[in-house]
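Sharing a structure below in structure tokens format, with a few things to ask.
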Amino acid sequence: MSAKWFCTICYHEHESASAPDSCPECKADGKSLLPLSDGQGDADSAKSIGKPQNLEEVRDIARKSLKGTCAVYPHCDGGDERICQREAYGKPIGLGGAGSGASFKANVTSLSALRLKTRLIGPHFQPDTGFTFCGVDLSMPIMGAPTSGLGRYTDAINELDFCRATIRGCRDAGSITWRGDTWFYTPEEHPALDALAMDGGHGIPIFKPRSQDILKKLIERAEKLNCPAVGVDLDGCGSTIMARHGQEVFRKTVADLRELVRFTSLPFIAKGIMTPDDGEACVEAGVKVVAVSNHGGRVLDHTPGVAEVLPSIVERIGGQAVVTADGGIRTGYDALKMLALGADAVLIGRDVARAAIGAGSLGVKFQMEKIEQTLKRALVMTGCADLAGITKDILVRSS
Amino acid sequence: MSAKWFCTICYHEHESASAPDSCPECKADGKSLLPLSDGQGDADSAKSIGKPQNLEEVRDIARKSLKGTCAVYPHCDGGDERICQREAYGKPIGLGGAGSGASFKANVTSLSALRLKTRLIGPHFQPDTGFTFCGVDLSMPIMGAPTSGLGRYTDAINELDFCRATIRGCRDAGSITWRGDTWFYTPEEHPALDALAMDGGHGIPIFKPRSQDILKKLIERAEKLNCPAVGVDLDGCGSTIMARHGQEVFRKTVADLRELVRFTSLPFIAKGIMTPDDGEACVEAGVKVVAVSNHGGRVLDHTPGVAEVLPSIVERIGGQAVVTADGGIRTGYDALKMLALGADAVLIGRDVARAAIGAGSLGVKFQMEKIEQTLKRALVMTGCADLAGITKDILVRSS
Amino acid sequence: MSAKWFCTICYHEHESASAPDSCPECKADGKSLLPLSDGQGDADSAKSIGKPQNLEEVRDIARKSLKGTCAVYPHCDGGDERICQREAYGKPIGLGGAGSGASFKANVTSLSALRLKTRLIGPHFQPDTGFTFCGVDLSMPIMGAPTSGLGRYTDAINELDFCRATIRGCRDAGSITWRGDTWFYTPEEHPALDALAMDGGHGIPIFKPRSQDILKKLIERAEKLNCPAVGVDLDGCGSTIMARHGQEVFRKTVADLRELVRFTSLPFIAKGIMTPDDGEACVEAGVKVVAVSNHGGRVLDHTPGVAEVLPSIVERIGGQAVVTADGGIRTGYDALKMLALGADAVLIGRDVARAAIGAGSLGVKFQMEKIEQTLKRALVMTGCADLAGITKDILVRSS
Amino acid sequence: MSAKWFCTICYHEHESASAPDSCPECKADGKSLLPLSDGQGDADSAKSIGKPQNLEEVRDIARKSLKGTCAVYPHCDGGDERICQREAYGKPIGLGGAGSGASFKANVTSLSALRLKTRLIGPHFQPDTGFTFCGVDLSMPIMGAPTSGLGRYTDAINELDFCRATIRGCRDAGSITWRGDTWFYTPEEHPALDALAMDGGHGIPIFKPRSQDILKKLIERAEKLNCPAVGVDLDGCGSTIMARHGQEVFRKTVADLRELVRFTSLPFIAKGIMTPDDGEACVEAGVKVVAVSNHGGRVLDHTPGVAEVLPSIVERIGGQAVVTADGGIRTGYDALKMLALGADAVLIGRDVARAAIGAGSLGVKFQMEKIEQTLKRALVMTGCADLAGITKDILVRSS
């Protein structure tokens, strides 16, 4: 009995009597293929519900795939009772935060402490969210964050397909994703660069702060792929798992950063900045994009939330570098708050990762479209016709 | 075996051998009829307990009818773990709040941050809560809010009967309800206006901010029904579900509002105001009643609570317009706080809707009588003999 | 087969072949008798565990007796999810708070916001907690509060025995209890006065603010019983259940209070005071004891906590009247905080009531002894050798 | 069938056909021996999983051994719903806090209110955490706290082995433990001193504030064992369980302390200090080490958190005495905060106790190594190359 199969990575459909090993079109692993006909899937299987029709269905699949690691909660807030918050004593970090999870939580609470002003009376408009980042025109100032390693937390997707899903899904929603680096990526076998090679370089690789020599080799590969930018997440310097796998990481000086900025023809991004001093050091080194981030609360316990430190960094270096922010953003309402605090653009991490695990490129596309929709709604309700109209005036700090 | 049936909409009782399709008196749908004799209902059915004797029984029925949508909690506060709080990723909003539910929660927390002063020593009195709104004498300054669409969240009541229940129930308790508008209401088939037509126009229709032409037609219908007032909820302008169903909504200018005010002979209400600036714009346009509201937290995530913004709006436009407030009010204690903050009157949304779903007009009557009872108790304990005696002096901000 | 039975009210033991209807010694209802021999009780029965040996066992019995009404939580804080917190929509108040329970909670949180200073270095001492109240020497400045009506919340004890248990238990622990009044007490049949008559008047009756004439008759009965003091809880004036049962209650003027003060030869107590103004009015009327209290949060929702208002009342009337405080006190640590805030003595309500329900006089005695023990420990750790040594200096407001 | 057994106290392995009564090498109780071969343990037994490979496995064993007493939560915070928090009404204190547990909680919340500053740009380094305490060189300024009595909370370990496990485990991790005293320790039979005698005196005995004479005898024993220091926990003076077992404890004067300081040749530690005044009194008495501590919140309810009072004590006596802090520290992140607040070193109590219960010396070693690892990570991320580099500048108080 022949059945139809749908590739969640490249959207190709084909018939096959038995579960295929891979997509005949794009070679995605069989795990990323969904049966389209009824009754093809095991009822208990995460993928038994067929091709998902909306983001909630994508999340339902992800919830099954991530069982025990992430419950895909309606509120992803790093709360103490969440199943992801168990790293303090050595459990794998999964999608949780470092240590007690306080930095993860702080991202969410620092955002929720801010309130939006409803401004209804005035001319009607359709909000314009168009944005250009490092020369690429995007539908909105919201991009995918450089998550990585998800292929190890679940059997539902392999790492290469995970990377491809975020690249394709963000592109299909009119945006772009940054791509990460982790302990089982090597200069030779690097799923992020491999996936970018398969999709025309439509993504921005962010590398761990490896040795200068290795970084230069990786940057050269990114340049050849025509990526629009390249960067390093400086907050990777404390990684012990990298060290344990013989992949050394380092704190970087201004001189180190300047060397990399000068080495590449691409705009250079420094990610993981949490203080005005570090932000100013980046500008001094010639960095083009300063990504304010505590790495989703995954590298140091008990940092302030990103929304808490962002204004002081924007105040110091705004105008001298493009400033992005990520940490705790789940909806367009959250994105709007970060923009109102002075970020030029924002990144979405956990939700894009869960969407990719749920339904590959299709899931990511649904996720990015959903967040664009809520951003637009928020703009209408706060009376901001376009990005230039977003100012601190729309924020109220709850008394 | 013949049995007796009770119509929860018009209170008519009749005998019928089988479950009737509709009330022979008022044509309410059979779903709104309750069996009065024992053993007529299925034990698992929400309506198996017969004619409810008090508000708690009404809520018990509603809890069954709304299963999975609203748990009719003892504390309806929009808390993260409430089953209604799952809209952030695309689940239907049900009775919950927009996005993360933060605006819903803020309504409750901004009220609970305020404390009432116990003032016991002084002359004895029976509190007088009489109030006149747009020419209608009411037993208290508490009205039903313009909820709508509940007929789609439950099989227990249809939309027309829902509207009728709130109108009749509020009237029977000596008050009046506002009536809403939603995506499946059209200028031609409009359950709110249809229900008002059946009950002598004893209610106040509030329309979505549709095009000026459509609004004028709807206002004309309301005038013919002898409604005491008419209005628009300006915060409906961000609705995407309206747009998806071909019913366009718009942000409105002062000129738009003035045009509507001048068009109608009725007092005009602008609902959804959350800032002094928007409030002042309403006054400038000639609006008679400014309804301070964040729509129960259902239109924009992360707004301040209504009790938080109310004082600044009253300060700006008090005396120039009647100011109402709604959002998070569950008891007479809450209502008293809003009045002490400067509101002339308040509206009750979710609880009236749940009461209507539980037991039609009878449920709504029970609900409104209960809130009048707690308001009176609160007035005795705070030493306010009548509405004029309510001032900011009875409020304490908890330290 | 004959077995031994223990009377929890008077401690009498006797043999009986079957469950006795009442105590042959003191006539306490059979419900207050516990089987002393193994196997006499039904395993599921609250009283199957025999004569309790400590407070925890008393509470275990109470937990069974109060099933569905009070869970006898380790933390009795009026939290939203507690089973007692369901009065907002008309459920019986049980042991919970009025409305949303906010006043109940405020009592607990206003106490827990205060911190105690550890002061260890200095001379060794055994703390002296002796205190004289209205001429009665007590082991500590902690008395039983005037709870009432508990006989209606459980089948485990009747109202008269409940009153007797609190009187005897407090006396046996070296203290005294105040006794209450409620809707099913009448001037003719008044369990509090009846129980006091059986125990030498060792307790202080507090009446609802009934008409002056009825109050005078009740006060005369108290005088004849040789009670050391008498009083009225002014916060009973908003009671609707009293009114519904034809027992009218009233707000009282200064003149009303003065009339009662002059009428009686006993020290007069005014209970339910929550503001300096009301406190001053009491002093003006000649009241001897001002009981700062929000009635356990049971008469008005959303009041401040007692510990929050106490200092301002002490500041105004301290020295002119004895000031007591009750609300949220569970341990000697809490009692010490109230004393440090300026209270001369404190009352314990819910815990004494639960102890009486659990094991009559014996339970109350265990409860009072436990609280004396923790008060003494707290005095040692904060360096207060006696009550005079307790000052505001031992308090730290948490930053 | 012969099997291999592993001694968790001394790491000795031996073969035995049946479960051994004790370790043939070190005489540890059989309860501290683990079967190394599969199938030797009962599947339900806490120790059925064999020799643990990491801290999480150690904690899994402890969770089973402490069932009903401590759930070995991922977040050990003294929260109201934790199973340990039931002492207020007389349940055994177990691993919980005194009374309501507020002091326990305050330790955690006062730490979590502090945030760490991420400082990434600068020279690379391997952090140096070496520290010398009372003449002993340690791998880090983190020591085991003087816990005691755990042998009574679980059948999994006896008291002597518990003491030995903490001594050996801390030593194997390059650190040292303090050792406690409790109601069933007598001057004659003192498990802490007995265990120290078996392990070369590598630990610091802290005695309850017994009579001066008894303390002198105990101090003499410690001196003979070549312990590097000795001390008294002054906060033991309120213990009622000591008194009940005929082991009197006392508040101490400055003169008492000076007498002990002069009596011994060892550095003298005063533990339990929570105010600058008491700290200054210690310095006046010649105390060398002032241990700021609220005894894990176990001696007085409602104290401030240790992190809250620490700065004011350091400000008063810093430089005049070595200042340690303990209370709420679970990770190296927490330890770093205490060091940044001015502590010279910190102690770990509950986690070391749980690790000892889980797997003896091996468990404690894993625990101490884990905390060193997170401390080092925290130093890298905050830009502190060594202990001297740790200042208040790395702290941010969350707004």
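Think of it as A, B, C and D in the order they're written, each chain with its own count starting at 1.
In this text, a residue touches a chain if its C-beta (ideal position, glycine included) is under 8 Å from a C-beta of that chain, and two chains touch if they have at least 3 such contacts.
This structure is a prediction, so every number in the text was calculated from the model and none was measured.
Asks: Any idea if chain B and chain C meet via the same residues, over half in common, or different ones?
Replies: Different: fewer than half of the residue numbers at the chain B-chain C interface appear in both copies.
Asks: Can you tell me which chain lies farthest from chain B, using the average of the Cα atoms as each chain's centre?
Replies: Centre of mass proxy via C-alpha means gives D as farthest from chain B.
Asks: Between chain A and chain B, two copies of one chain sequence, what rotation angle (nearest 5 degrees) aligns their Cα atoms?
Replies: It is a rotation of 90 degrees, to the nearest 5.
Asks: Could you please state the distance in Å, as a whole number, between where the Cα atoms of chain C are centred and where those of chain D are centred?
Replies: 41
Asks: How many Å are there between the centre of chain A and the centre of chain C, using C-alpha atoms for each centre?
Replies: That pair's centroid distance is 58 Å.
Asks: In chain B, which residues are in touch with two or more of the other chains?
Replies: Counting only residues that touch two or more other chains, chain B contributes none.
Asks: If each protein chain is taken as a node and each touching pair as an edge, is the resulting graph a line, ring, star, complete or other?
Replies: Graph shape here is a ring: one loop, exactly two partners per chain.
Asks: Run through the chains and report each pair that touches.
Replies: All touching pairs, sorted by chain label, are A-B, A-D, B-C, C-D.
Asks: Would you tell me which residues of chain A are touching chain B in their complex?
Replies: Result: residues 54-56, 59, 74-75, 77, 112, 114-125, 330-331, 333, 337, 370, 373-374, 377-378, 380-383, 396, 398-399 of chain A touch chain B.
Asks: Quick check on the complex: what are the chain D residues that touch chain C?
Replies: Touching chain C from chain D are residues 80, 85-86, 88-91, 99-100, 102, 106, 234-235, 237-238, 240, 250-254, 257, 272-275, 277-278, 281-282, 294, 299-304, 308.
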